[in-house]
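In order of appearance the chains are A, B, C, D, E and F, and numbering begins at 1 in each one.
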Amino acid sequence: MDLRDVKQGDLVLLGLPIDHNSSFMTGPAMGPQRMREALHCGAANLTSENGHDLGTDTRLKDLGDLHFQDTSTAIMFIEQKAEEIIATGAKLLSIGGDHSVSGPLIRAHSKRYPDLNILHFDAHSDLYDEMQGNRDSHACPFARAMETGRVKRLVQVGIRTLNKHQQEQAEKFGVEIIAMKDWHPDISFDFDGPLYLSIDLDVLDPAFAPGVSHHEPGGMSVRDLINTLHRLDADLIGADIVELNPHRDLVGMTAMVAAKLTKEVSAKFLSE
Amino acid sequence: MDLRDVKQGDLVLLGLPIDHNSSFMTGPAMGPQRMREALHCGAANLTSENGHDLGTDTRLKDLGDLHFQDTSTAIMFIEQKAEEIIATGAKLLSIGGDHSVSGPLIRAHSKRYPDLNILHFDAHSDLYDEMQGNRDSHACPFARAMETGRVKRLVQVGIRTLNKHQQEQAEKFGVEIIAMKDWHPDISFDFDGPLYLSIDLDVLDPAFAPGVSHHEPGGMSVRDLINTLHRLDADLIGADIVELNPHRDLVGMTAMVAAKLTKEVSAKFLSE
Amino acid sequence: MDLRDVKQGDLVLLGLPIDHNSSFMTGPAMGPQRMREALHCGAANLTSENGHDLGTDTRLKDLGDLHFQDTSTAIMFIEQKAEEIIATGAKLLSIGGDHSVSGPLIRAHSKRYPDLNILHFDAHSDLYDEMQGNRDSHACPFARAMETGRVKRLVQVGIRTLNKHQQEQAEKFGVEIIAMKDWHPDISFDFDGPLYLSIDLDVLDPAFAPGVSHHEPGGMSVRDLINTLHRLDADLIGADIVELNPHRDLVGMTAMVAAKLTKEVSAKFLSE
Amino acid sequence: MDLRDVKQGDLVLLGLPIDHNSSFMTGPAMGPQRMREALHCGAANLTSENGHDLGTDTRLKDLGDLHFQDTSTAIMFIEQKAEEIIATGAKLLSIGGDHSVSGPLIRAHSKRYPDLNILHFDAHSDLYDEMQGNRDSHACPFARAMETGRVKRLVQVGIRTLNKHQQEQAEKFGVEIIAMKDWHPDISFDFDGPLYLSIDLDVLDPAFAPGVSHHEPGGMSVRDLINTLHRLDADLIGADIVELNPHRDLVGMTAMVAAKLTKEVSAKFLSE
Amino acid sequence: MDLRDVKQGDLVLLGLPIDHNSSFMTGPAMGPQRMREALHCGAANLTSENGHDLGTDTRLKDLGDLHFQDTSTAIMFIEQKAEEIIATGAKLLSIGGDHSVSGPLIRAHSKRYPDLNILHFDAHSDLYDEMQGNRDSHACPFARAMETGRVKRLVQVGIRTLNKHQQEQAEKFGVEIIAMKDWHPDISFDFDGPLYLSIDLDVLDPAFAPGVSHHEPGGMSVRDLINTLHRLDADLIGADIVELNPHRDLVGMTAMVAAKLTKEVSAKFLSE
Amino acid sequence: MDLRDVKQGDLVLLGLPIDHNSSFMTGPAMGPQRMREALHCGAANLTSENGHDLGTDTRLKDLGDLHFQDTSTAIMFIEQKAEEIIATGAKLLSIGGDHSVSGPLIRAHSKRYPDLNILHFDAHSDLYDEMQGNRDSHACPFARAMETGRVKRLVQVGIRTLNKHQQEQAEKFGVEIIAMKDWHPDISFDFDGPLYLSIDLDVLDPAFAPGVSHHEPGGMSVRDLINTLHRLDADLIGADIVELNPHRDLVGMTAMVAAKLTKEVSAKFLSE
């Protein structure tokens, strides 16, 4: 299946096997493959919790993994491919890969949706101006996103490690942060206009998602995250699910969490 | 200790080391042995949370594991043994094994208690008519139970993956489903008449119970399940705790969860 | 860095690599080293959730690990070293090691603060008079503490396995127990006078902290514990964080939990 | 890529994701996917030890995994597909799946090569007449193979658990067994006519291949097996590599062993 | 089954679930149970490599695990029970537990066989006079054995960490040490008179036996050990297999090694 | 302890916590800390197999870990520090870190010892001209070393994955390669002049050293490597032990292998 099979109203699933912009631990490049393995393994089915059967919905088009020729052009290549996909009128759900992919993905979406809202679930705000000299680091994508000037609101949820530099960045860019310590399962979100959703698996407590590069204890439960997504009433126009790191996922539990979120987010796109 | 030692008012603990009806992954046949190991290991004691000391309560009779001669007759054999045990006036708490054991166990109990209520904690409704041609599959026991015509109510709690076939089965049999997405820690249950309790460990989030065959993220916490059991005010007449799979239980955490539930459920039987 | 560098107003971090008083499983002697590794690894930063940067606060003095010459004098040696440290006017945050360290630590603090309150998070009440003939066992420190006669209140939170002997001990010593089954995330604590804080990592559910010697399912989440600590409004004068067992911490998740708690408790000391 | 792309002189790689004939533990159905992941991951390259670069040899055709509609017809389906592939003049290297695949694979090859030799590396002789009533069990394929009457010699290497029934079967079929206890790294093999090679990963000691269903200690090292394969001078006409079980392969080591053997065996086919 | 069922010519299997004399890491107390689980699990059969079927040999009597009332009398209790068993004319194969059991076991045997030879496989010589003040430590049993004055020869094989104190002890007691660096797979042993065999699983390289308390790399392979046992031509009168530590045996591999050795040693006793 | 404590005849132990030049998986930056933890843990002692007690030899000076300010200057910084250390007349044993450290280490040594011999144990020849655009990659250090023109002989042992580019590099630089397939435990090495030793832990089979970034099955056993080192009769003037990756070292086995090699190599330096 390739881009020619995609049309208006479809949801494209695209794997982004990339981790060279990770600062502490590589591994997320193996993420997309393990997410697909979990999605299709015999231990579960393809029906979401609201009863939508993704196995029979022909609008879900899995284009497989993007193949990167060269790490130096990877970020640009993601942006270009994302533009091509959304130019068809389809929507895009990318599966990571590390969080560096959100920079180019949001840039691509912001061109089509200039008043973009972003809802970002993460333990970290990823607002660094640069990390170890790398402005494409997985610690920087939301600084890059905000610099486009085309993001109306960036709401970050689940944050629990914000140092001084990132606090300053958040203020500079007008980011709305709902820290994990202030979060409550009943919080709901209200957005005016198109919404891009970015889920870093480490927004979950490591108990629920050990297979991530940065263990930051004190996070959400899977239930809380899914319920929040179910309650979300917004014009969802794009999404990514990132930072699955199979090296720490000894019995495949986190891959299954990522696959479950992929199902629930896909159903969110396709049920509306 | 054997059946001759059992009398009216006792609680019989019986291991069912069986997993040939499992559809995705074997392993639960090793469950009963690991649950006993955890129950008696030096890392914990035998007092339940309500202060009942199972170590000194002589009514708790552990008959060990049922020995199966032949997989083809195993389901029938469980039913027959369960009937023999409850014929003594004792109650039965079986430890699995996979969920296929609940079919024969409920059949046996429903003969003695024709207006049986069932409270079933699980990620899956296990209502398949058949799975891979096997009507005794661990995906089917509650279809089998309902077909007896002797079950008054079947209440399923924690369900989070219900495909179309199972929805139809649930409607056909009048099953009451409290999906995990609708569940709340304060829910309580009210039953009129005898109650059979079936706990599939995968009702818990895989974070709490990684040692199960089917990881279905978004489940209950152990605390929530125990509190719900503590609040349960009903005429408990039989129970099973199933689907411990030691192959995924790298440091024995799930065996300890199963042992803890065994203690709390036993105390529930014996404190009343 | 050594004791000569410590002065009034400082917070001393001291490792206690000891586990010969553990009854079921050794391992906590390796705990302090792994906690420091997690604290300083590149996967996180040193800013607490309330924004306090421990990396730049020169009042935090890490004295490294206490070196024990002899197991038979270790308990006495801890008491003596703790007295020396608090004699400087600094406060002490010890990282374990098993829970046997709390006996001598509380004795040392109770001499300086004769009306001591203790807030103790744990799955177990650790009130045994003796365990396997050992009165310094990690099952006994709070019996030892109460016998000083200098503890005003001992409040135990998260307890979920209390046998008859320990119930009797709790009554004898007037211990206030908030069992896990009765606990609620919104509970807050009010203490009059100096407070010593003792955190056994097994107060957390094993899902969140698999790296402990005694898996007692049904515990708190990391979030619940951190939020409780944040809400705590008291005159904190000393603390310990104990029972990290690296043998069961396959991917280092529990070491990171212990490091996170170290950061949050340190910030609690230093922000006030 | 499909069968139409295959021609005389090619080597076809075919995955057989099947494990319903496994007697003790399922899991090998996930094997082919993990072997490919290991084969193509960035931790290694595609050059064999004799310097053959499989990445640039266009004769190697990976047809992906066979898709089974129904477990009851799976064995027959494998035989039929194998016949279709070898009818093109290509050779076939299948990757498992459990060992039940060797029955139909050898039947297919024996029709084209009626004087077939088989070299079989395994901890077990897999000569059971039936296992738990299943004649297609992974414990039976070499009984099935011998019953074709078209196998000239069956040489089994590495066997270390032969009970009375299997000894009788071995005598009945004239199987040549080189038990592990009698094996020596310098043993070499001489075959007259076409040779089919079947490698069960459990011929290796579990130290080298923990990711198999049956741990039988006392096996070969990977080095010994590879050196034996390098020395093998025979007319290799087909091969399978089976019994990778990812459930026990916590850090992917066994998948890498299977991938390495796939490279070495492929080079054996293509270098001659 | 108990002592009354044992008679002349039998081989008694006895579990010794004890580890309080371990110096670095507890865990071996769980060893006997896991060894039995592995011995009887469906992944293997009960036929030894020389074709002896232990499942049908009624002379093999498993007396289960010794139950210790009190750690302070455990060593004495083992000695007494061993004497009772060998007084029947049966032979004894004990499964550990840590190596502290060999002290009392050898004392018991040396009373009946005053010119005892001992063949001891281990990474360590276990000749400490005392360890952390404990003369019953698992680091001391062979000092204790030699002090009986009834041991004719003690041959230690596989040693690879001998400090000065232990070298002096070895000289003092006339111990014959075959260090691992000098060992060769073809070495064979010749004993005149009765032989007691003691196998510490850590004689194996940790690759083969990760489930031990002391990882000492550079050890034997399982194959080498089994072949050496097969070649051993001696009057075997007692044996122990010790130091299985399930805490480090994540997928049960070492339990299977211990079970395999139990089978091979049992067959050695019963085939002669 | 610092450089001022080092003098002629000493052996300096220096940790190099660096992995940003790793191509597939990060992790080795945590290596030095885990090697020290293993070296000093209570499970072993500090006496080498030839009886040299490193614990009492004051010539062994552990300078701790080098602290890198900046990844871009790290390689240069290592070279400079190594020069400073060997300028004292002490010898240097570095513990990694990934293999990129060998480039600057060998450059530093080759200035003092212009006719340097190198003995290099590895699964890979690490002769890439560049990897992903990085000439300091851990895949390149021996290309960098040879380009100094001051290396007389480079002997690589254990190689088992040599692609075309690396074969060409080997020929260009006159590297002597003893591939693993041609290796035999009795091989010994003869060098004329000073010898630098570089041990990449992946020369070992992953069974013995799972904690490395690149699993390349078919390697040496620990015993074989140690015996080879023991037999080595050469003027050893420097050494490194690299590529320990704790992320894959679930029970610490590989850290213990690295610690054991550190002991044996240190004794080699200090016994001569």
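In this text, a contact is a pair of C-beta atoms (placed from the backbone, for glycine too) under 8 Å apart; a residue touches a chain by one contact, two chains touch by 3 or more.
Please read all numbers here as calculations on a predicted model, not as lab measurements.
**Student:** Quickly list, by label, the chains bordering both subunit D and subunit F.
**Tutor:** Chains in contact with subunit D as well as subunit F: A, E.
**Student:** With centres defined as the mean of C-alpha atoms, identify the chain lying farthest from subunit F.
**Tutor:** Comparing chain centres, B lies farthest from subunit F.
**Student:** Rounded to the nearest 5 degrees, what angle rotates subunit C onto subunit D on CA?
**Tutor:** Angle of the fitting rotation, subunit C to subunit D: 180 degrees.
**Student:** Where among D-E, A-F or B-E does the D-F interface show up again, with more than half of the contact pairs the same?
**Tutor:** Among D-E, A-F or B-E, the interface that shares over half of its contact pairs with D-F is D-E.
**Student:** Among all other chains, pick the one whose mean CA position is farthest from the mean CA position of subunit E.
**Tutor:** That would be chain A.
**Student:** Centroid from C-alpha atoms only, then distance subunit A to subunit E, rounded to Å. What do you get?
**Tutor:** Chain centroid spacing, subunit A to subunit E, equals 55 Å.
**Student:** Can you work out the whole-Å distance between the CA centroids of subunit C and subunit E?
**Tutor:** Centre separation, subunit C to subunit E: 40 Å.
**Student:** Could you state the distance in Å from the CA-based centre of subunit A to that of subunit C?
**Tutor:** About 38 Å separates the centre of subunit A from that of subunit C.
**Student:** Residues of subunit A that touch two or more other chains: which are they?
**Tutor:** Only 24-25, 41-42, 205, 207-208, 221, 247-248, 250-251 qualify.
**Student:** Could you draw the chains as nodes, link the ones that touch, and say if you get a line, ring, star, complete or other?
**Tutor:** Basically it's none of the tidy shapes, so other.
**Student:** Going by the contact rule at the top, pick out the subunit F residues touching subunit D in the complex.
**Tutor:** Where subunit F meets subunit D, its residues are 23-25, 160-164, 167, 179-181, 205-208, 210, 213-219, 221, 248, 250.
**Student:** Which part of subunit E faces subunit D closely enough to touch in the complex?
**Tutor:** So the residues of subunit E touching subunit D come out as 41-45, 47, 49, 51, 53, 205, 207-208, 221-223, 226-227, 230, 250-253, 256-257, 260.
**Student:** Sort out for me which residues of subunit B touch subunit E in the complex.
**Tutor:** Residues 29-30, 33, 37, 41-42, 247, 250-251.
**Student:** Note which residues of subunit B are touching subunit D in the complex, please.
**Tutor:** 20, 22, 24-27, 71-72, 132-133, 247-248, 250
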